[in-house]
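Okay, so here's the structure we're looking at.
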Amino acid sequence: MASKTVIDELKKSKILELLEQGKRIDGRALDEPREISIEVNAIPKANGSARVRLGDTEVICGVKIQPDRPFPDTGDKGLFICTAELLPLSHPTVETGPPQPHVIELARVVDRGIRESHMIDVSQLVIQKDKSVIGVFADNVVVDYDGNLFDACSYAATAALLTSKTPKWNWVDEKAVLDESEPTQLPTSTIPVSVTMAKIGNHIIVDPNGDEWNSMDARITITSDSDGNICALQKGGSNGFSQDEINQCGEISVRVGAKIREILKAAQQSGQ
Amino acid sequence: MGGRDATMVLLDENGIRCDGRKIDELRKVTIKAGGLKNADGSAYIEFGDNKILVGVFGPRDVHPKHMSNTDTGILRVRYHMEPFSVTERKNPAPSRREIEISKVIKEALEPAVMLEKFPRTAIDVFIEVLQADGGTRCAALSAASVALADAGIPMRDMVSACASGKVADTIVLDVNNEEDQAGQADMPIGYMPNLEKITLLQLDGVLTPEEYKKCVDVGVQGCKDIYEIQKKALADKYFGNKGD
Amino acid sequence: MASKTVIDELKKSKILELLEQGKRIDGRALDEPREISIEVNAIPKANGSARVRLGDTEVICGVKIQPDRPFPDTGDKGLFICTAELLPLSHPTVETGPPQPHVIELARVVDRGIRESHMIDVSQLVIQKDKSVIGVFADNVVVDYDGNLFDACSYAATAALLTSKTPKWNWVDEKAVLDESEPTQLPTSTIPVSVTMAKIGNHIIVDPNGDEWNSMDARITITSDSDGNICALQKGGSNGFSQDEINQCGEISVRVGAKIREILKAAQQSGQ
Amino acid sequence: MGGRDATMVLLDENGIRCDGRKIDELRKVTIKAGGLKNADGSAYIEFGDNKILVGVFGPRDVHPKHMSNTDTGILRVRYHMEPFSVTERKNPAPSRREIEISKVIKEALEPAVMLEKFPRTAIDVFIEVLQADGGTRCAALSAASVALADAGIPMRDMVSACASGKVADTIVLDVNNEEDQAGQADMPIGYMPNLEKITLLQLDGVLTPEEYKKCVDVGVQGCKDIYEIQKKALADKYFGNKGD
Amino acid sequence: MGGRDATMVLLDENGIRCDGRKIDELRKVTIKAGGLKNADGSAYIEFGDNKILVGVFGPRDVHPKHMSNTDTGILRVRYHMEPFSVTERKNPAPSRREIEISKVIKEALEPAVMLEKFPRTAIDVFIEVLQADGGTRCAALSAASVALADAGIPMRDMVSACASGKVADTIVLDVNNEEDQAGQADMPIGYMPNLEKITLLQLDGVLTPEEYKKCVDVGVQGCKDIYEIQKKALADKYFGNKGD
Amino acid sequence: MASKTVIDELKKSKILELLEQGKRIDGRALDEPREISIEVNAIPKANGSARVRLGDTEVICGVKIQPDRPFPDTGDKGLFICTAELLPLSHPTVETGPPQPHVIELARVVDRGIRESHMIDVSQLVIQKDKSVIGVFADNVVVDYDGNLFDACSYAATAALLTSKTPKWNWVDEKAVLDESEPTQLPTSTIPVSVTMAKIGNHIIVDPNGDEWNSMDARITITSDSDGNICALQKGGSNGFSQDEINQCGEISVRVGAKIREILKAAQQSGQ
């Protein structure tokens, strides 16, 4: 946690100076996300997968679906677990070893955005009540870093889930036995979309890139669902938001999220 | 929060909640500043059935040195639950949830603490949840602010915190454990009452855009109520009105 | 493991000088423990609990009672496990992370004192032989440190156990199912009392406070039961005891322990 | 490899293998040099159904300093499999197998890299297996060589790698996953084609002394084929014949 | 020691114990000083069916430096059981029991070792239990003393150790594994025979105050017997009476 | 990973100079292993054990045989697991803590050499298919280090297995219950022998001692079975071998291995 370098400080000044003029360092509008490209089925042997580029940030999500034991108190529901990892090749500063707090937060925020939207109907993922359920694991790995991993991982996981196929298992002799029938679409309903905004000075910008990420005062990630409702939120960073700003961020997230949802739907189509 | 159901009566026809409160009413909250001998500052909060102890050390040297910052002090926060604080005994190893909450509380406190006055040092906030009952992160954040003040750390403002949420299709203040389990949404808020800034905000659960605004508003009002209790705790210790 | 500071050395000289005159730095008699205050049911949601102050050392113990799997070779006995942790707010030198050897020793000595006294009748804690038993977990956390954690944790755990109530479980469909009946007193018999003594120079003192703890040459913790028998002992510290001193410590522990047992009994009464 | 059985037809009467290849035929191999923005060098290989990404950083400072060597640079290699890269989801913690393969690949690359030119520094090679299908260590080693070259690290030679093995009593080139599971022996080989040195060699499975020699020979020939693909990958990036 | 029962005849009508010994009789004990090539000092003890190897290194530098003490040397002790040393294979990770015993043995040795002669350095004692049969900590401590002497470390005295205990209502010397499992009390003792100081003392099990004194007395006598065996081990190595 | 010392460099020069004359530093022929002494049943309470000295390298292997759960996909086979650990008393540079990569490699190479030879017939080690099997654990501990742990551990594990006796268990009431009958010989067939060779300059030497180990350019460990076939191989070290050298090493390993196999057979005899 060395002091910020002079270059960092100069970049921040430049970014702020441009924002005062209503401009961003890469020419985007304040509420404009970077270009999103989504390749589904990038890992054909997984049950679902997607490779997402959000500007120069790149994430791969692979979904594995397999029998598991239910939690003791929810024997009538399948499992959904979403993880995230920064691979060391994604940036020179990434360290191997146990996950840092910011990576744990990343994984938990992406997980909650999807979980709280009820995108996956876990009640359909039961093999034998209280004994065996279907576990859906969406593992994100970051392969190139240029800011805003929250959204990149969220889109990768969502696209991978939307195109996942689940095998069927039968409960035979106290064991889950794979049914040879064709895998079917994973049961999903709404499409959650996370939109991360940074506050730099008094400006709110959507989808901060790496330089903007380093310069921000605070950030907020808001996930909305297909009905235009808000289903999860996480504030971060070492400063605060006014109540008006929070309301404004809510509106932006629903509006921008609706556009990004179309990109996710197109990716879903392309995978079928 | 996947397991919400509606078998419990969360809100009756008179607008009374499962624990007898009105929709805009906080649970009983008491804060005591000080109490620990060895900590530089401390606070104890009872927030409903939550019981949380906070100790603060610092500013003090950082080991290893390369973790320190020559331009400013650093704030370190550990949120930790005792094995006996929850219904089923908790494994003593720190969970991913505890690590995330530690980070969220740290970032909620940073805007309030004048860290720039203490370059190269660290201020450590240790939060111990003795008994949990829903809303521990807000209770912990409120107590941590008082403990920092008790340690004499210069602050721009207090951070006051409580949660709002949606229960039985209604926006309510201060979601308790039963409401969190069976309710529809939970929104913890941390707020600096004088600087009017929200420094902690999370949401789990579905809200319409209108409910979202309402929820923020209700939560901010609750934070202002908490702020009064925080001030009283410090006044009780430092100006001797313990008899109140 | 820096060298001791000059202040530490001066304190030790002072403590020793006073002891030569038969006095202690805080005015206590050599065989006099500090004031003990015990608040039982401090954590009402636990099955039992106690908050103990021994001078300025403070410990909270919470007891959780829940079904568990028995050890393979003792399927006819419940489990009793006692732990101890130094919370980082208890002293500026406490570090987070995996437990240090002295904390592991603390937990094991407190556990053995209670276990070896046979205070808890684990044979009554069986739900279904070889399949399911009742586990009793007494977790101590130190919230303020001023020496002699052995005794403070021991009194906290003992007081918490004496006032613990255990639910009942029935074995139904290969599962332990909670019985709705009123919880009953945890079955306990004798009341073990640990007495820790420090040797400073040639003096034996009971219940060393923090300054005395830093100045001691060696220490001994002896636990006696309600019959006045000795049931567990642990010597520590970087020096030794003569055989006479060991005998003397045995006598002190039984005598002083008897007085402290009355305080524990009073706490037990107060919790009913 | 304890579970070998012979229910699958691994080699038919025409000398055709279970995936349609001849006995001395490689699976389809494509390598792309570069691709990652932040890494100093990178490569992506598809080797049959294996998909592996490699990123290189360095030469760069070593922390902690006492891990560095005043006489020479050090090479550090991490071979890592994604949780979704194998049939049953892999636990994210590094397995003993991954640690061993990291070491074996490191020692296979060291003879090729002019580490003595960069005293006190480290060159880091990060290998990420996105999809595994038998022979990952050879595919990873081949890609790592290209990534090191892409990073501009001076090298004495490339290291080219593939496996030979024994399947249905026949020595074959490039054992795939089914052949590895059901076959009789697997021998991964890493080879410097110009210096004519074998820098990686392992064997699991029983071979007569004659088969052993044959197996080494077949593997070395395969490595020479891989070498051409490696050169083409670098030429495609640096001399623009991407249209090929 | 919760599982004590009395189905085994621990002491017969003639005062003979389950392994044929009298109540004040040690198991067969042999100690060999030296034996390891690389260690600075070493010893091997067979104490009944216990087989324990001890190696000593030092005085040597301490890494990291801040662990060293400018006023005195430090003693570090690791007590470790091999996976095959006990009935059910032991997990290789150090158990809490092993960590506690390491500490207890360290504190038992410290009074005997002239650490003040070696400021800033460490002396490392590595204890390896190859086969365990009750009383390993005492056997290990006795062997460690010999290994320290073999390493030429200046010592004030030897530390000699054995356990006494209560079996079939009788105080006996040197409790073996069966007696420990089925007996009533076990009291390991470490003793400096010339300085007449007890440096290790533990007790598990119930004793009346009179039995307690008796137990200490019996144990100290046993330690004196062990001391003779320790001296012989060193004499055998250094004065060549190996033929004894 | 400090630079090599001047002494190390001088030793390497000397070793290489001697090798140019066809001589080794300890007078051995190039293809001559050091003296091998094997004491079986060194740990009588284990199911099998051996203490092996290879020159001044010393290893103890203890075998424990006990019921275990099978792997999910191989319910009809017992388990064989071989480990290796460098005890800190074996050399001043050994560190305690999690195993270093070279120790993990050591354990895995020793394990594979035995496993791939099919020495142990794991299909005979089943108590109840899919439910309970017999696990054979061969744990090597290095007590003195002077190079070439691969072979020392391999011989220790092989000798221990050759003299191991396995109890019998019956499947009663869904549990493995020990049969009181006399333990029988562990079912083994071929005797695998690992031969490790170092390349120093252009010379191939068998069984490098500690000084030779520090001086080598590369190494190779080849395991052959009783039929004179090669069943496992591991190349290591920071340099390479020519194809001719690899062929030559194959021949040496079978030839030298045959001689060492006789020593193992003699040890097996001595243990019966």
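Chains here go by letter, A, B, C, D, E and F, matching the order in which they are written, and residues are numbered from 1 within each.
Everything that follows uses one rule, which is that a contact is a pair of C-beta atoms (placed from the backbone, for glycine too) under 8 Å apart; a residue touches a chain by one contact, two chains touch by 3 or more.
Given the structure is predicted, the values throughout are model-derived calculations rather than measurements.
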Checklist outcome for this item: Contacting subunit A as well as subunit E are chains none
Item to check | For subunit D and subunit E, chains touching each | outcome: F
Next on the checklist: If I superpose subunit B onto subunit E using their CA atoms, what angle of rotation comes out, to the nearest 5 degrees?
Outcome noted: 120
Next on the checklist: Need the most distant chain from subunit C, centre defined as the mean of C-alpha atoms.
Outcome noted: D
Item to check | Chain at maximum distance from subunit B, centres defined as averaged CA atoms | outcome: F
Checklist entry - With chain centres defined as C-alpha means, what is the inter-centre distance between subunit C and subunit D in Å? => result 58
Checklist entry - How many Å are there between the centre of subunit A and the centre of subunit C, using C-alpha atoms for each centre? => result 48
Item to check | Between subunit E and subunit C, distance of the C-alpha-averaged centres to the nearest whole Å | outcome: 27
Next on the checklist: How many angstrom lie between the centres of subunit B and subunit D, each centre taken as the mean Cα position?
Outcome noted: 52
Checklist entry - Where in subunit C do residues touch two or more other chains at once? => result none
Checklist outcome for this item: Multi-chain touching residues of subunit D, meaning two or more other chains, are none
Checklist entry - What topology does the chain touch graph have (line, ring, star, complete, other)? => result ring
Next on the checklist: From the touch relation defined up front, give the order of chains around the ring, starting at subunit B and going on to subunit C.
Outcome noted: B, C, E, F, D, A
Checklist outcome for this item: Counting only contacts in the complex, subunit A reaches subunit D at residues 42-46, 49, 56, 60, 62-64, 66, 83, 85, 87-92, 96, 137, 139, 141, 143-146
Item to check | subunit B-touching residues of subunit A, taken from the complex the two chains share | outcome: 1-4, 73-74, 77, 101-102, 104-105, 107-108, 112, 115-118, 122, 220, 222, 225, 228-243, 246-247, 250-251, 254
Checklist entry - Hey, which residues of subunit B end up touching subunit A in the complex? => result 1-3, 66-71, 74, 96-97, 99-100, 102-104, 107, 110-111, 187, 192, 195-209, 212-213, 216-217, 220
Next on the checklist: With touch defined as at the start, can you tell me which subunit B residues reach subunit C in the complex?
Outcome noted: 36-39, 42, 49, 51, 53-55, 57, 60, 78, 80, 82-85, 87-89, 92, 124, 126, 128, 130-131, 133
